[in-house]
Amino acid sequence: MQRSTDHVRIQEEDFSMEAEVNAIRVTSQRIGGIATFLGCARDFSDNGVVSAIHFEQYASMAETAMQDLRKQALQKFDIIEVRIIHRVTTVVAGEQIVLIVVAAEHRASAFDACRWVIDTLKQYVPIWKKEVCSDIPKLCFDATPTPLH
Amino acid sequence: MQRSTDHVRIQEEDFSMEAEVNAIRVTSQRIGGIATFLGCARDFSDNGVVSAIHFEQYASMAETAMQDLRKQALQKFDIIEVRIIHRVTTVVAGEQIVLIVVAAEHRASAFDACRWVIDTLKQYVPIWKKEVCSDIPKLCFDATPTPLH
Amino acid sequence: MSIQVLFFGVIAEQQKTKALTIHGEDGMTVAKVMAKLGISPSKALLIAVNEQQQHDIEFPVHDGDEVAIMPPFSGG
Amino acid sequence: MSIQVLFFGVIAEQQKTKALTIHGEDGMTVAKVMAKLGISPSKALLIAVNEQQQHDIEFPVHDGDEVAIMPPFSGG
């Protein structure tokens, strides 16, 4: 069971950026800078107009991968804390998808780590998006269709 | 008179990160990523333990410099919106000082612009901090004392 | 022995299922599991065995293992 | 002519005031304004004339101008 005190969460519900940032901010007065990245659902992609995005996960593996991502970030960068939240549900354009929060004594490390976490999450965590395109009658995939056979 | 709808503000009052981010988020469904930087008051510096930080500004020039900073960022980077808020008051350790919010279609531009804005703000906007150090009986300055005479 | 195979994203749609069980010899490779399912090896496919990503399709699987065949991740 | 001079941060503390008015010839340079105040030019000092930062202390000032003498900025 994931709780709002957990630094790594995959959840259906929306999240409050302020609550997530404050949860980290109050943990240490050594924090000089907090860099965040908030990913939102855009209303377009290479496939055309996007009316919604559905996210699917390989639940057990995704949870482990995100925990590992946090641990790697804490080892790799001179930072104090990292929080990673990813929604797995259907979101409409404008809605929040993913939030990375990195607190550090100095801003350079906070920025470096925040960017590394979101870049690496995309490569490393088994979550997939499927875009629902309103100008195409069928569902369309974000990723290049994978050749089978 | 500055209002919460203004993208550039220097103010005494604290701010709500979520309110500031949402004010930008609702303006465009083209936004795919929002990078933020939140600067907080640390409880230490090179001068020792810091119990509070007082900020002072050259008000008219600071306001113009921050507006100019926003315009430069919008020209220089492929981004949708920038918001810059700096408090000018006395803050205690743990409190919020400055917030940069950058919204873009793609995360790389959002990160680049956010980092550029906070780095440039420190060089470009006439605001000064004075640290109140609790282990030293007198006020101490963050900046190297400027030689006069 | 039996192996649980999981499909995700476009692979699940193409396989028309999210999971199935296959039977074979203990120690058979991931490549052989894929061959049994009629899936050609491809750099565009990601494989995990027991939730650990495996880049070598000659990786052997054993009774009770869980093999996931996945399209490129696209979260975030 | 008269020039309004503003001091900030540690400069204001050293000058024991935040603002004063000085008088002189029209077109006098920022360097001369500083000399009148007993402030030596220094790379650690920033200068603004009418809210525009000026890097050349030979910049001329005119009646009614506002000259700011500032320590390095330290906001953020």
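Each chain carries a letter (A, B, C and D) given by its place in the written order, and its residues are counted from 1.
Note that in this section a contact is a pair of C-beta atoms (placed from the backbone, for glycine too) under 8 Å apart; a residue touches a chain by one contact, two chains touch by 3 or more.
Owing to the predicted nature of the structure, the values given are computational and were not obtained by experimental measurement.
Counting hops only between chains that touch, chain B reaches chain D in a minimum of 1. In this assembly, the chain whose C-alpha centre lies farthest from chain A is D.
Between chain B and chain C the centroid-to-centroid distance comes to 49 Å (mean Cα coordinates, whole Å). Mean C-alpha positions place chain A and chain C at a centre distance of 25 Å.
Averaged C-alpha coordinates put the centre of chain C at 73 Å from the centre of chain D.
Chain D has no residue in contact with two or more other chains.
With touch defined as above, residues shared between interfaces to two or more other chains in chain A number as follows: 39, 118. Pairwise, the chains that touch each other are A-B, A-C, B-D.
Those residues of chain B that touch chain A in the shared complex are 16-18, 21, 25-26, 29-40, 42-44, 93-94, 105, 107, 110-111, 114-115, 118.
Residue ranges on chain A touching chain C, taken from their complex, read 39, 55-58, 60-62, 64, 86, 97-98, 118, 121-130, 141-149.
Of all the residues in chain D, the ones that touch chain B in their complex are 6, 8-11, 14, 38-40, 42, 44-46, 48, 51, 68, 70-76.
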